[in-house]
Amino acid sequence: MSTIFGIPSNALFSQLLVGLINGSFYAMLSLGLSIIFGLLNVINFAHGAMYMAGAFVAWILLNEAGIGYWWSLLLAPLVVGLFGAAFERLLLARLYKIDHLYSLLLTFGLALIIQGSFRQVYGSSGLPYAIPAALSGGQKLPFMFLPNYRAWVVVASLSVCVATWLLIEKTKLGAYLRAATENPALVEAFGVNVSLLRTMTYAFGVGLAGLAGVLAAPIYSVSPSMGADTVIVVFAIVVIGGMGSILGSIVTGFGLGLIEGMTKVFYPQAASTAVFVIMALVLIMKPAGLFGRAS
Amino acid sequence: MTDAPAASPQPLLSVQALEGWYGESHVLHGMTFDVASGEVVSLLGRNGAGKTTTLRAIIGVLGKRRGSVTCAGVETIGMPARSIARLGVGYVPEERGIFAGLSVQENLTLPPKLRPGGMDLEQIYRLFPNLKERARSPGTKLSGGEQQMLAIARILRTGSKLILLDEPTEGLAPVIVERIAEVIQRLKADGYTIILVEQNLRFAQSIAGRFVVVEQGRVVDAISNESGCRLHQLHAYLGV
Amino acid sequence: MSDVVQSPASPSSLPDSRAKTPKAIRLYLGVLLGIAAALVALPFAVYPIFLMKVLCFALFALAFNLLLGFGGLLSFGHAAFFGGAAYVSAHAAKVWGLNPEAAIACGALASMGLGVIIGWLAIRRQGIYFAMITLALAQLVYFACLQAKFTGGEDGVQGVPRGHLFGLFNLADDRVLYAMVAAIFMAGLLAILRVIHSPFGQALKAIRENEARATSLGFRVERYKLAVFILSATLAGTAGATKAVVFQLASLTDVHWATSGAVILMTLVGGMGTLFGPIVGAFVVVGMESYLAPFGAWLTIVEGLIFVTCVILFPNGFVGALAKKTAR
């Protein structure tokens, strides 16, 4: 068996794959957080809960309505997005004029409600969600075994991130979003409905989290606590990347997933803390974040 | 004390007893003036008199405003900015408001078309050839003068016939100021109605038909550009 | 400008040396005496163990509120100090065999040290970022506690001996234990009041109201922020260390982010930026936790609902310090 730095190569590659998978979710989540933060100035604490809700919606669709994975990929983000839109319209929108810390507290409260509700109904233990038949099995590569589903998750997440980036950078709607992020009042003065844009942005951001939840369901078991710790890691990633750039949050998300995976290989004790240590280092050296603009 | 106001029976824009707040501070204390269709009116006054705030209040981006602003016969005081813009009011803000995250062309096409009769891209590029050359570069990479052209140009696409222009010459070289004066003359000839906030009295005199003098959030005088000797009073008002 | 315009939302209980009339001072002293009297009387009416829990969390909430209301900084990671100190004092009492007062002092000192590090990192960013950074660093502390040997992992440190206070008073007696907890609470409260009314507290107030102006007046704003952060961390640690002795247990719950959330909730319910509000908030939240404990996840749901309700319906109740910062 071949080794790299004294580590069996297939162990190394499979940990890298785990890192890439985590990175896929980090990227989708931090992307949504960044877009929401950019336009709404809200740190969406409920982002982890929305990710969890996405997984649960997929599980419920399958077990209560017999609707399978592929439809869930479409429906779950839609359900989560619509819920997000309603939340933004009814509650969050009232807080834009006061200190942004209030919206942080509001979304924290929402996260507790969502988490508690799912725990009350479905219990704390994880529920299994099967890998769709078309993606079961895997490829035997010369250096490792690559499960099809995991390859799909990486490809799907990367495509979604790139598509989102294109949507924001290359379309008219994206131009509205970028402009309103810089100067919402002026965009409004041009006749654009910025409130609607905010609602759509929040819905889209949490929809992305819901989509990440569906992708995650067959990998991790579906449980009410699945988003709670993830969202804190994603916060750290957002601090590391800085909220300035869309591309930055995608790159940082994947990058830190990989670094976390590598840590698991070389120094397993530090795997769960690596991201936070890196955050501390970045704060010392570049407080605005790697891709951030100093404010 | 005022010269005869606009002759037209129904003004395009009528501002009555307008009060406005900038955050906590009360800035406008009952602004009243009319602007007739096709007129170029310049708001003059010292720094902090409330000229910029007046424009912001008209377009509706001020936090709090009270009184009455009728635009083409429609009362707008309760409307959000987007609805006021859709009545055909174009806003060219102080500091130009060019978006750094958008290319020149994106900046140009950002404001949606609100009414028929706006210029198309080709006409705009003919009027501002520089912008065409720089269409792909980020908006804020343009020179100050080009940014000002862009800020005006993007409004011309929308079909708005009333344009609020806030200090278009600020910080620009004399050659550029002349160029902007030409553009505004051209718009005037095309029948646009313009409210201009200016510190540069010479520039204002070269294009405005009437001056509305603002002091401490009130209109204290209105002087026609044809009234000869009274124009000297403007210097007194501005303290120059 | 801001010294002329008094925000209407500013809580009246905020100390203001300029406006203080003899009557206000009397009221103030009255409240303090009332608290002292309640500390004496309540054990006759309320289960003392519950009361001690409330007092530990009330001190914790007061410490948190010192940072928020007077430093203008919302920490989302205060459980790191509370729980970290709990582990250290539990370890000191159990393994090193120290007297309770020394064990609690060890816990408080450890939190102070942790406060220096986390504060030094976190004050580099403001507002929402500060909240996220403190949360992330506290999560780091959580994982460190999960993995470290001396913390006992999932089990925590159990069977911490209460010992003899100063080697003399046996804390196995709940009444003696209560007296100690009440004394620590009162000392903490008085320390906070002393700080707020010192020149240091006045400088903090100036910074909170207008940071740019305070900087231009020559205040080294970062130092003040760090100092109040460390102070808050130390007091939060004192509370956590005391709790470990009282309940003979230090566990992962104390360092978990949910505890950081709980202390925010206490302050939110009691009124952010008010002086005595967090005490009321601690009473309400700890009480609610014990009553709702049998109902499983309902506790989480209710806490979430309270967050949402407070933020939406009564933002003015705790706007005080925060609103001023953004009013500009």
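As written, the chain order gives the labels A, B and C, with residue 1 at the start of each chain.
Basically, contacts are C-beta pairs under 8 Å (C-beta built on N, C-alpha and C of every residue); 3 or more make two chains touch, one makes a residue touch a chain.
Since the model is a prediction, treat every value here as computed from it, not as a measurement.
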Could you tell me which chain lies farthest from chain B when each chain's centre is the average position of its Cα atoms? C
Counting C-beta pairs in contact, which chain pair ranks first? A-C
Nearest chain to the global Cα centroid? A
Between chain B and chain C, tell me the centre distance in angstrom, where each centre is the average of that chain's C-alpha atoms. 54
Whole-Å separation of chain centres (CA-atom averages), chain A against chain C: 32
At what distance in angstrom does the C-alpha mean of chain B lie from that of chain A? 44
Would you tell me which residues of chain A are touching chain B in their complex? 172, 175-176, 178-179, 181-183, 185-194
Contacts from chain B onto chain A in the complex sit at residues 59-61, 80-82, 84-86, 91, 93, 97, 99-102, 106, 109-112, 114, 158
Residues of chain A defined as touching chain C within the complex: 37, 41, 43, 91, 94-95, 98-102, 104-106, 108-117, 119-120, 224, 228-229, 232-233, 235-236, 238-239, 269, 272-273, 275-277, 279-280, 283-284, 287
So in the complex, the part of chain C that touches chain A is made up of which residues? 74, 76, 121-122, 124-125, 127-129, 131-133, 135-137, 139-140, 143-144, 146-147, 257, 261, 264, 268, 296-308, 310-312, 315, 319, 322-323, 325-326
